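Let me give you the structure first, and then I'll get to my questions.
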Amino acid sequence: MADRNSNAGIYEAVPQFGRLRDGVLYNDVWKQPELSPRDRSLVTCAVLAALGKNEELRHHMGVAVENGVTADELRGLVVQVAFYGGWPCGVNAAKAGMPIFEKETG
Amino acid sequence: MADRNSNAGIYEAVPQFGRLRDGVLYNDVWKQPELSPRDRSLVTCAVLAALGKNEELRHHMGVAVENGVTADELRGLVVQVAFYGGWPCGVNAAKAGMPIFEKETG
Amino acid sequence: MADRNSNAGIYEAVPQFGRLRDGVLYNDVWKQPELSPRDRSLVTCAVLAALGKNEELRHHMGVAVENGVTADELRGLVVQVAFYGGWPCGVNAAKAGMPIFEKETG
Amino acid sequence: MADRNSNAGIYEAVPQFGRLRDGVLYNDVWKQPELSPRDRSLVTCAVLAALGKNEELRHHMGVAVENGVTADELRGLVVQVAFYGGWPCGVNAAKAGMPIFEKETG
Amino acid sequence: MADRNSNAGIYEAVPQFGRLRDGVLYNDVWKQPELSPRDRSLVTCAVLAALGKNEELRHHMGVAVENGVTADELRGLVVQVAFYGGWPCGVNAAKAGMPIFEKETG
Amino acid sequence: MADRNSNAGIYEAVPQFGRLRDGVLYNDVWKQPELSPRDRSLVTCAVLAALGKNEELRHHMGVAVENGVTADELRGLVVQVAFYGGWPCGVNAAKAGMPIFEKETG
């Protein structure tokens, strides 16, 4: 499952965009059998971190946990992204994961 | 294991870069226990696809297969990257995977 | 006309930058006859959305409306950018356009 | 119409990708009424130029001409993209347009 | 010296990341003799500006001043980045430098 | 001096672009006194490496040498860019510098 509830206003303001989100992104792409939802979450978080989409990344890290990615695996993603996408990508990925990292150690 | 054998000339021409590749990228980052090599490959391919590093991506898709990622999982990565990183990222990821896709169906 | 009034402080703090904005960007590039101001706005919004320059995009969507781009055309731009630049680019373009979309339906 | 005939091999090698190209990108996104095909071409070329997708850009500049964009308008796009996306984006956009520019002056 | 004190929480939350920052980024990369700290700061600020890492850029502009880069040289960097990375990169670099520019003229 | 002689065809095919290159980029930006040509070369190479503009980077590394940047300083730039822009940016910067590195050791 992806970012179904966030940004609700924009998908109503641009109805074609909302229709494609529901019909294609959620009910087609994310459900295709080639790659598991857990792996799609890893891939999505890596893409968002590489492109600096920090707000979306924070959301999708939460989705990743729901899909079975552990906090430690997200820590590994932070370091891997830092080296292949540049240090600031790692920094922002770590910031995006803080709610998850802090909850775990709480 | 990552791109150890490619671009050998550049790492000799910039010795500090080669030293960090061997000492840090290969023998530290890729071996950290938080994330499996198979998942590091997924993340690395996703980052490279998102950033349009097509030559490196082609290499790392081969590494991904060695690390246990299947051809079908790479197909799933292509579609996921196309939607989150933009259609041309998917196109280039598919091109990078062609040697793998063609071998499988051969 | 582009972002003449915004960020005034920075153009005074970096005078060469301000001089080039006034002399080149506004009074040369934007006024060249090859492309209409309306089409320059479309192109500028597409570039800003693709590069994730969200603050500048919000400003230039307003400029686009002044230059004759309709709210519906901006909706189309949102979807087109989402597919060619990646879903998060569409999300941020939609957010940037919300003042325009909400005004229209108000 | 977009890049239906190019890269045919990849869409067969990744069938879900090909299905979405035909069903969604071509027969839905490009045909949505909010933005004309000519303007979608302008937006698409601007996105591709900004993101440095040079091969796709070359193809879509040809599509743009089919959709009614003139060679001079593409010249204007080159300059606009150079200033908002950086000089190298303009250089690459100009290179991508050379077959069109040369044909016109031939 | 780089961003040792900022983002402290994230480096504790992702210990491998913090270890690499201290051991590799600060005590190896930044201290390599090929390029002076002052020039590394110029390069780092240029990279961060080009990639739109505005928060990190603000920090590293302060580091640059500590390493001997003058306010006027940062003004020059703003303009150079605006032309090679795109106007919004210059705008954001100028914003990041405002504490330095304002202090100088105060 | 920047890329005056390369890509000559494109600047003739898009005359406004060529006029701005000669009048603004070469005879204004590069000559502004705030930053030395040597430092502008460092900044330009860093931006081009970060954005993956490999062809332009190869050219500007040659310009950098003309402007007083040493081969060793370019080696330092490669490593700095690899860490702040991502490993593939360092790889491509090293490739772009190979003619310089090889000549030096020849």
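Here the chain labels run A, B, C, D, E and F in written order, and each chain numbers its own residues starting at 1.
What we mean here is this: a contact is a pair of C-beta atoms (placed from the backbone, for glycine too) under 8 Å apart; a residue touches a chain by one contact, two chains touch by 3 or more.
The shown structure was predicted, so the numbers you read here are calculated from the model rather than taken from an experiment.
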Next on the checklist: Going by the touch criterion stated earlier, list every chain that contacts subunit D and also contacts subunit E.
Outcome noted: A, B, C, F
Item to check | Residue-number overlap at the subunit B/subunit F interface, same or different (half cut) | outcome: different
Item to check | Farthest-lying chain, centroid of Cα atoms versus that of subunit A | outcome: F
Item to check | Centroid comparison with subunit B (C-alpha atoms), farthest chain | outcome: C
Item to check | Result of counting contacting C-beta pairs for B-C and C-D, higher pair | outcome: C-D
Checklist entry - Whole-Å distance, subunit D centre to subunit F centre, using C-alpha means? => result 27
Checklist outcome for this item: Expected list for subunit E, residues touching two or more other chains, is 16, 20, 25, 29, 32, 34, 47-48, 50-52, 75-76, 79, 83-89
Checklist entry - Taking the complex as given, what residues does subunit F use to touch subunit C? => result 16, 20, 24, 28-29, 32, 34
Next on the checklist: Under the stated contact criterion, what part of subunit E meets subunit C in this complex?
Outcome noted: 52, 75-76, 78-79, 82, 86-88, 90-91, 94-95, 97-98, 101-102, 105
Next on the checklist: Applying the document's contact rule, which stretches of subunit B touch subunit F when the two form their complex?
Outcome noted: 7, 9-11, 13-17, 20, 25, 47-48, 51-53, 56
Checklist outcome for this item: The residues of subunit D that touch subunit E in their complex are 50, 83-89
Item to check | Residues of subunit A that touch subunit B when the two form their complex | outcome: 25, 29, 32, 34-35, 39-40, 42-51, 72-73, 75-77, 79-81, 83-85, 89
